[in-house]
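Take a look at this one; I'll ask things after.
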Amino acid sequence: MQVLRGADRHDLRDLTVGVRFEGEFGASYTDGDNRDVLPTDTMKNTVYALAAQNPVGEPEPFGVILARHFLGRTPRLSRVTIELFAHEWERIPRGERRHGQAFVRRGPDSRTAVVQATRDAMQISAGAADLTIMKSANSAFSGFPLDEYTTLPETRDRLLATALTATWQYGTEDVEFGPTWHAVRRTLLDTFAEHHSESVQHTLYAMGQAVLATVAEVARIHLVMPNKHHLPIDLSRFGLENRNEIFVATEEPHGLIEATLVR
Amino acid sequence: MQVLRGADRHDLRDLTVGVRFEGEFGASYTDGDNRDVLPTDTMKNTVYALAAQNPVGEPEPFGVILARHFLGRTPRLSRVTIELFAHEWERIPRGERRHGQAFVRRGPDSRTAVVQATRDAMQISAGAADLTIMKSANSAFSGFPLDEYTTLPETRDRLLATALTATWQYGTEDVEFGPTWHAVRRTLLDTFAEHHSESVQHTLYAMGQAVLATVAEVARIHLVMPNKHHLPIDLSRFGLENRNEIFVATEEPHGLIEATLVR
Amino acid sequence: MQVLRGADRHDLRDLTVGVRFEGEFGASYTDGDNRDVLPTDTMKNTVYALAAQNPVGEPEPFGVILARHFLGRTPRLSRVTIELFAHEWERIPRGERRHGQAFVRRGPDSRTAVVQATRDAMQISAGAADLTIMKSANSAFSGFPLDEYTTLPETRDRLLATALTATWQYGTEDVEFGPTWHAVRRTLLDTFAEHHSESVQHTLYAMGQAVLATVAEVARIHLVMPNKHHLPIDLSRFGLENRNEIFVATEEPHGLIEATLVR
Amino acid sequence: MQVLRGADRHDLRDLTVGVRFEGEFGASYTDGDNRDVLPTDTMKNTVYALAAQNPVGEPEPFGVILARHFLGRTPRLSRVTIELFAHEWERIPRGERRHGQAFVRRGPDSRTAVVQATRDAMQISAGAADLTIMKSANSAFSGFPLDEYTTLPETRDRLLATALTATWQYGTEDVEFGPTWHAVRRTLLDTFAEHHSESVQHTLYAMGQAVLATVAEVARIHLVMPNKHHLPIDLSRFGLENRNEIFVATEEPHGLIEATLVR
């Protein structure tokens, strides 16, 4: 957590940071020789110290700073991955305005970023995690193959709910990371809302395609969409009419659909 | 989950409902005599069936309907408690407007309600759970007793963060439950933001007092505030200046403060 | 975690400790006056320091030491509660013997203890948490009331599974805490296994009654038994015979049964 | 959950099963054409039905049955992965013997298996998840590089704790899966206990190497070992002697070490 203190307005940067090293560290495993093992405790301290020296703005450039630092310091490091998970806060409303120094956690979805760097290349990804969305119209699932174990009825009107995790890779480092992230998120939400869905797969593809079509900086996108089933209750067992209105949300067993779309 | 289907606009009512029976059910325990044991499976079905017959609006009146139903049906039931936990959804934005049938989960805090009824009395409570809030100014902790095990430094400027759970009891059944809930939540947030805090206790009390002062329907309020510690990193160990700017969030061990304020 | 280091054999004491104060601390809430507020950070340090000075054996006497310490130091404290949650480790086997200094976590159930003390009285409880048990015979549920919302079939042969949490209060401080805890746990398991169950309630009562009947030191016992449902799969939908053999474990909705038995 | 009912002795097979399809399913994504999409609901039913027809023994052969079934039924399926997570139960003791029909969950570690099959090849892996282990002697961490962000002291005597997840691939399908699994687990525990550890890496490698050396069927093994830190409390702040005896277990930030060893 970094608190950037302006005159009467503070900004919060609340990140969980993961640092992953891959490289020629065999001697530590085979011989217990630690001379090339940067302790994870030092990695942790480095994150604090570099944040103090480079006030954190968007997560992606901070990940680039960390990646460059570790590559510069660690000769046997061939690839470093920096994972950033942003916990987001909103200012508490104060009448028409907003408090400068008091915040409420925004959620439940989060903003993520991954910077992966070798000696030759730098790759920057961004993402949205746990974006829980539902549509109560324009969702069907029918026409699937039937066998002796099929019990699912076909439906032209079901609830479609998921907790989307999307990760997209930028084709360039020259990105306005904040506005672009919001543009991708908005496109994902819009497409989910408007799509005439024949399946989770169908909507997932439409969402990914819309991102590629509208956000030029995105080179590829990976989407993971668990099917958060909402099963209709059969009210006719109670002598009541079924109006496709009462559902029970179940956790398991559940479907999980994923795909990667490349420009 | 109940979907209320208007012409081109759906409304979602997404509740987790708990039903608790207390009463003269001794024979089922001592003799295995189930003739007075309403199965929990039937309780569950009853929730679905009553929702179908009484479209759910605010959680509290639906809790009252359930409580009355079970008391009317179950002679040996002396007290029934209905706990309602609302999962809240917002409409996905659509340009200037909002989608009628597509939703995104709002969070991370939730709205709760409890209806507790006996043959003679009905008591209605409401609450907010997991309202995660932080203030980066106007928070101190000093003047506490020192002993040989004290290592905490006194501070006049610390981060104060908590995940508030508040539960308040109404003194009457004649409440506009939706607007009143929002008024209480707003008062809690405002007071947290504006308070000059000498401790979690001090701010907790101010928040509870403000609710009693501004929302006449509230008879008592219980607040639980875990101290979500954000410990300052000592950057001087790295040859850097400490500017009270970099913190690590820790989970355990942690403090937990609670109190009940009665009008 | 305390490591008691014998010559070639170490013992682990791995406890999560909760400390709860109740008393005349109003001024800290109303006036922000912290002069009587022992920081939770100091409570934490005190646990470490008293463990160092009083090597931990059974959890209960360590809880008594903590309770007496805090009452002796804190004039405005009227009641202190010490909750102890023991994470248990077994020695890793080494041929016929056991390693002296290498351990594997035992679980998933845990041993708990609670010491509650006022200026006048000391009350000691012990418990078992998350003891997950199942019986595949001698469990029925039938004879329950039927109404228009009943869909559960009666059964004379079902799976009965629960994650038991039991807490029992001792009528005296003069208890051999380790052997007595194991005696209670054994009695709970035995009774669960042997009982001809007409319901969760029926078996819960038999288990509590058996503890009161066989362990003289126990004055009362509270049992909480969630009904971890295992629903039979209807294989006839696939043209297969139902032999009461294939089940799906479900989490929610579920029943939760609890009761207190007093000697 | 499958209950295999012998005369007076039941056996439990309690598995969470994951089924993953990869193949030529593009039309469902691009065109909403579901004619090749086997519903996940049908996959679930298939698991139940095949268990009823092929009583489950070890997890691995059941995985093979499922993999072959799905490949045989689904022309566009190019690779199927079956993940099996076994929840293990022990019989409740009954004097010298064991109950035939009453069980207590064993844990916290679990047995896992993965069967991955294409039209040409079948690959079988097994694993142990969440095997929580600790050693209180013969563990050091020193000789690591120092920089301006290093604060970790070198130590020749620390607690080493981890929650091991190991996954090993068999080089053949001709394996006695139960005994071999137990042999691998025993080797992992033994090596962890006996090793003179210079780091988590060092012990991880020794454990993997010992498995390859003693269990001929294993072709490769992947080990993941989070460093579950136990930080020594500095008792000198309380005027007490430090005897390397009192520790606090922390969750985050923490190290995570992994490696794959190939024969």
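Order as written gives the chain letters A, B, C and D; numbering starts at 1 within each chain.
Basically, a contact is a pair of C-beta atoms (placed from the backbone, for glycine too) under 8 Å apart; a residue touches a chain by one contact, two chains touch by 3 or more.
Since the model is a prediction, treat every value here as computed from it, not as a measurement.
Chain centre most remote from that of subunit C: A (centre = mean of CA atoms). In terms of C-beta pairs in contact, A-D outnumbers the other of B-D and A-D. Our note on geometry: subunit A versus subunit D, Cα centroid distance of 26 Å, whole angstroms.
Measuring from the averaged C-alpha position of subunit B to that of subunit D gives a distance of 38 Å.
Residue positions of subunit C with contacts to 2 or more other chains are 45, 49, 148-149, 151, 237-238, 248, 253. Against subunit D, in their complex, subunit C makes its touches with residues 1-5, 10, 12, 14, 45, 48-49, 51-53, 89, 92-94, 99-105, 107-109, 131-138, 159, 186, 189-190, 192-194, 230, 233, 235, 237-238, 240, 243-249. Within the complex formed with subunit B, the residues of subunit C that make contact are 16, 25, 28-42, 44-46, 49, 73, 141-145, 147-152, 197-199, 201-202, 204-205, 227, 253-256, 259.
Residues of subunit B touching subunit D in their complex: 148-149, 151, 237-239, 248, 250-253.
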